[in-house]
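Here is the structure we will look at, set down as structure tokens.
For clarity, chains are labelled A, B, C and D in written order, and residue numbers in each chain start from 1.
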Amino acid sequence: MSLTDAQLAEIEANRAQRAETARPTVPALEAMLFAAIPVLDHGFVRVIDYMGDDAAIVQAARVSYGRGTRRVSEDAGLIRYLMRHRHSTPFEMCEIKYHVKLPIFVARQWIRHRTANVNEYSARYSILDREFYIPAPENLAAQSSVNRQGRGEVLGGERAMRVLDMLREDAMRSYDHYVEMLDEAEDGRPRDPENPGLARELARMNLTLNTYTQWYWKTDLHNLLGFLSLRADAHAQYEIRVYADAMAATVAAWVPAAYQAFQDYRLGAVTLSAQMLSVVKWMIAGEAPEQKASGLSKREWDELMAALGRTA
Amino acid sequence: MSLTDAQLAEIEANRAQRAETARPTVPALEAMLFAAIPVLDHGFVRVIDYMGDDAAIVQAARVSYGRGTRRVSEDAGLIRYLMRHRHSTPFEMCEIKYHVKLPIFVARQWIRHRTANVNEYSARYSILDREFYIPAPENLAAQSSVNRQGRGEVLGGERAMRVLDMLREDAMRSYDHYVEMLDEAEDGRPRDPENPGLARELARMNLTLNTYTQWYWKTDLHNLLGFLSLRADAHAQYEIRVYADAMAATVAAWVPAAYQAFQDYRLGAVTLSAQMLSVVKWMIAGEAPEQKASGLSKREWDELMAALGRTA
Amino acid sequence: MSLTDAQLAEIEANRAQRAETARPTVPALEAMLFAAIPVLDHGFVRVIDYMGDDAAIVQAARVSYGRGTRRVSEDAGLIRYLMRHRHSTPFEMCEIKYHVKLPIFVARQWIRHRTANVNEYSARYSILDREFYIPAPENLAAQSSVNRQGRGEVLGGERAMRVLDMLREDAMRSYDHYVEMLDEAEDGRPRDPENPGLARELARMNLTLNTYTQWYWKTDLHNLLGFLSLRADAHAQYEIRVYADAMAATVAAWVPAAYQAFQDYRLGAVTLSAQMLSVVKWMIAGEAPEQKASGLSKREWDELMAALGRTA
Amino acid sequence: MSLTDAQLAEIEANRAQRAETARPTVPALEAMLFAAIPVLDHGFVRVIDYMGDDAAIVQAARVSYGRGTRRVSEDAGLIRYLMRHRHSTPFEMCEIKYHVKLPIFVARQWIRHRTANVNEYSARYSILDREFYIPAPENLAAQSSVNRQGRGEVLGGERAMRVLDMLREDAMRSYDHYVEMLDEAEDGRPRDPENPGLARELARMNLTLNTYTQWYWKTDLHNLLGFLSLRADAHAQYEIRVYADAMAATVAAWVPAAYQAFQDYRLGAVTLSAQMLSVVKWMIAGEAPEQKASGLSKREWDELMAALGRTA
């Protein structure tokens, strides 16, 4: 994470400001407000604002006039019920806004979640910082031999060195050429006003995909949980999963009852197809079905056995 | 508006609660929080929560680390620029949540605005109140003779009386029969447990469309302004326009710079087609074009003349 | 279903029209095009248009240049994989458009599915038909005693008669008064031009919620399957479930591989929470856990036992 | 555009396939189906499928049983009315699907239009082609001195050469290193199975932003016109505008009446703020207002004068 002193000072100034409000307020999340949670080598996630709390979910589900009329345990029970039965609208009543700094190739995955509001730093208008994601050696994984979109072993020493050199040098050279094409003075004006450099909207195309960008990203709790269920998952690419993990911690602080229900009924849950359910029933009846006779493909069979903790 | 004493007490209790927050806070909107703004005979609009302020629009547009670094006048200038050029994403960074009580036929228009989050009071699960919208006599308009979906003159005395009688009696009889079909005791259980009444999800179909329902409705500022531009417009049906007007007052309190820009560049603006623009140019050149030669249809010509304040 | 002879003739004329196209075409769905599938007493569903087929799902998932390059069995395998792992975007590449006639209280549930395009018959502009949904006696269910939003036994004879009388009479009286308020001649003009009747946008509020409306409704396959998974479910209200069932038949004709995968992995599937999964593992290990010791609530326990076919 | 012979053959095979359909069919668009329209140096746009036509807009607006019951001129009149009054839902009843090959930095702008369905070629799963966008010399514009996100003059000869060299060399070197990191044989398997190369999901980060990607992109006509109004505009970046222009030609072939209305009421239209309208009224009245007294900012004044064809 590479915040300038001026940026850190601005953040601290915001954290110190206090006002009175009659809105629902969550002290555990207030304690996190504005602070940059480091992610990857130069990235971060900051909570900028939020609306609602666990009680707001209940209040909307009941369309009630006040809040806090029932006991916390009753609220948690209703929230668990809503999560279990995949009710979505009450969770949409909470909203959160993040400021995120992230590599462009991660941003390209992230933006596929459409039900969110985004303002990205514009490289048509401004100049991107000289910051690139270079993986730590332990994250430099080889292509998986079993999963076409997964990772296998960590690359060995010399090879890893060569990869890191290429990533670093290509990113830096491309960035230096970007700056050369722009040909701007410190203040962003052309060095030679008679003869300005290449338009920013063009020069940016020379940057590599590990260059960092940043954005404000705002979404509701329902869609955020959908994001987390896909991106905090073991199948997600490591470089986006670390962002999801950082955000999950903010959600746990913000709406603890909803987050617990999410862990039990979504993150830790398993969906069994009609055929898988039949196999489970046989097994409970004491039989020992085999894949061939099960009606499941080899792949589904393996998935089921893994879910039941029975890997061969 | 018909809030019970218990409801009013709950609202007052919420208004009295105060907590500290580091989030952007708008005193003028805090003063309105939770209070029911009366609309129509039994309806209301209440602001339940909000996120962001004028500065948050600017902050997102600049993807900046802090807030409040520039002068208010600069912020207002940028907001006006964003509104004029129809930038949408910075305005999406503010969010507001309302509790609304409204007749079902109004709810059916309202719900067509899809980019919003809604939790409606469920008549499958609960019993609706005995409240119907009965227009005030001065709003009892005849069908327009010029506009197939508009209103004309106010109905005359005797006729108006007859209409009001029908509306009132049909709504009341339908509601009484709804209650009879349900056959429930005070506590919502069947009067005769051996022999319960009709399912709530069925009985509700007997209600008339002027019965009141209620919902929590949450949207971002960009979509709210879209809603207001359509529903606070003179062509909107009166019964939804009064809701839009009540909400417009809350927006003016919440984000005054954005609301002023909205008034100038959206509500008070006029869009001229390519052909209309040609006519305007001729007029400025001192010519006096006529409809026939203008290339405009009669209807477009009338619209243009009205916009220019030149109604025949 | 109550189509006029003129409407039936128009439908037949459309069905008879044939043109050549290079687009993907599904003969089984072509055979259903435009024809009204009756639903409830006066409602229907008609397929008006469609885009794509099973192969289009595969083509988009592979971002390929042609279609039909692989064998059908391979395509079905990929579709099953996509469905099992909840990929959504390839299914969004197919689109379908329906014309639906349905009671207003059903329309109010239906419209909650926001990711769809809708054009509803406007009662501000036009006059609704004199058609109401009156349940068949076998669908006149009592309120459930165990589920606050469900149905119990069918109402007994006399009571059912009384309910049907109320529904019928209130709907008819309200409609007759609606017509009286409008005071229009056959051609839709005021009977007395000097003294026109109540504006249509107002008069409609006197109608009951079982009045039929109609709309064009268009959505993509992913969102349609989401609609079906909620509305063709046993917990859905009967009156919307019959529409979902009628549409499910059109989907089975349109994209048979996707529909089969949907049945196996969505409709017939069960999601087990982390705690439920533990219980299942114990049972497979030959133990006989009890609810109290299971960590599951009574309700969740019952749901799990029902899924495993072990209802007490 | 760089299609392989196999790809061209597949496209031709698709174009030659013909089936009968009762769906609305547009011969002028059928003639364009599947064919790649070249855009930039290696990109293209191909229409893959479509749903609806001008008559379908009218049919949905009227919620009618058949199509083609009125004359074409009446339909066009209604379409113009709908466009002028910004009705959106009837235009949503038409849908179109494109296959697009485009540079990543263009894809990043494009994806901001959220109401669309997208399947992008996955660089986690597959390997991108060795194709980069290198601007033609006449498109190598300098940064604008008046507009921070615009272009100025074309770069001079030597400087242009230097820029083109950097763009070309950096893209090629980054791509070659990408291939080296992957270390795959022709068939996509590791060259050395004991020692596979870097995971694809990681190696891709070394690519530059002018590398080409491709996707299937599907949207409805209303949202497509919104896309075109922003991206076919003179203020849009040239590299996305050429895609918008290519698509505009397909829309003109597909729904000629809607496209004509779009040109008149959207593309060629001008929106005047409340203050601008006042100035226009003064001018029509024969007065000659000046900027200072007009209430308009210098910028707005210039915009108004430009719209009126009165640039100083």
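Methods note: contacts are C-beta pairs under 8 Å (C-beta built on N, C-alpha and C of every residue); 3 or more make two chains touch, one makes a residue touch a chain.
For clarity, every value in this text was computed on a predicted model and none was experimentally measured.
Interface comparison, A-D versus A-C: the pair with the greater number of contacting C-beta pairs is A-D. Legend: contact pairs of C-D compared by residue number with B-D, A-B or B-C; the interface matching in over half of them is A-B.
Here the spacing of chain A and chain D, counted between their Cα centres, is 29 Å.
Taking each chain's centre as the mean of its C-alpha atoms, chain A lies 34 Å from chain C. Contact with two or more other chains is made by residues 89, 112, 118 of chain C. Across the complex, chain C meets chain D through its residues 3, 7, 10-11, 13-25, 30, 33-34, 48-52, 56, 59-61, 63, 65-67, 69, 89-90, 92-93, 95, 97, 99, 117-121, 214-216, 218, 220. Listing the residues of chain B that touch chain D in their complex gives 77, 81, 84, 89, 112, 263-265, 267-277, 280-281, 283-284, 286, 297, 299-300, 307-309.
Only residues 103-105, 107-108, 111-112, 114-115, 118, 122, 124-125, 133, 135, 140-145, 148-152, 155-156, 159, 163, 166-167, 170-171, 173-174, 177, 180-182, 184, 190, 193, 195-202, 204-210, 237 of chain D touch chain A when the two sit together in their complex.
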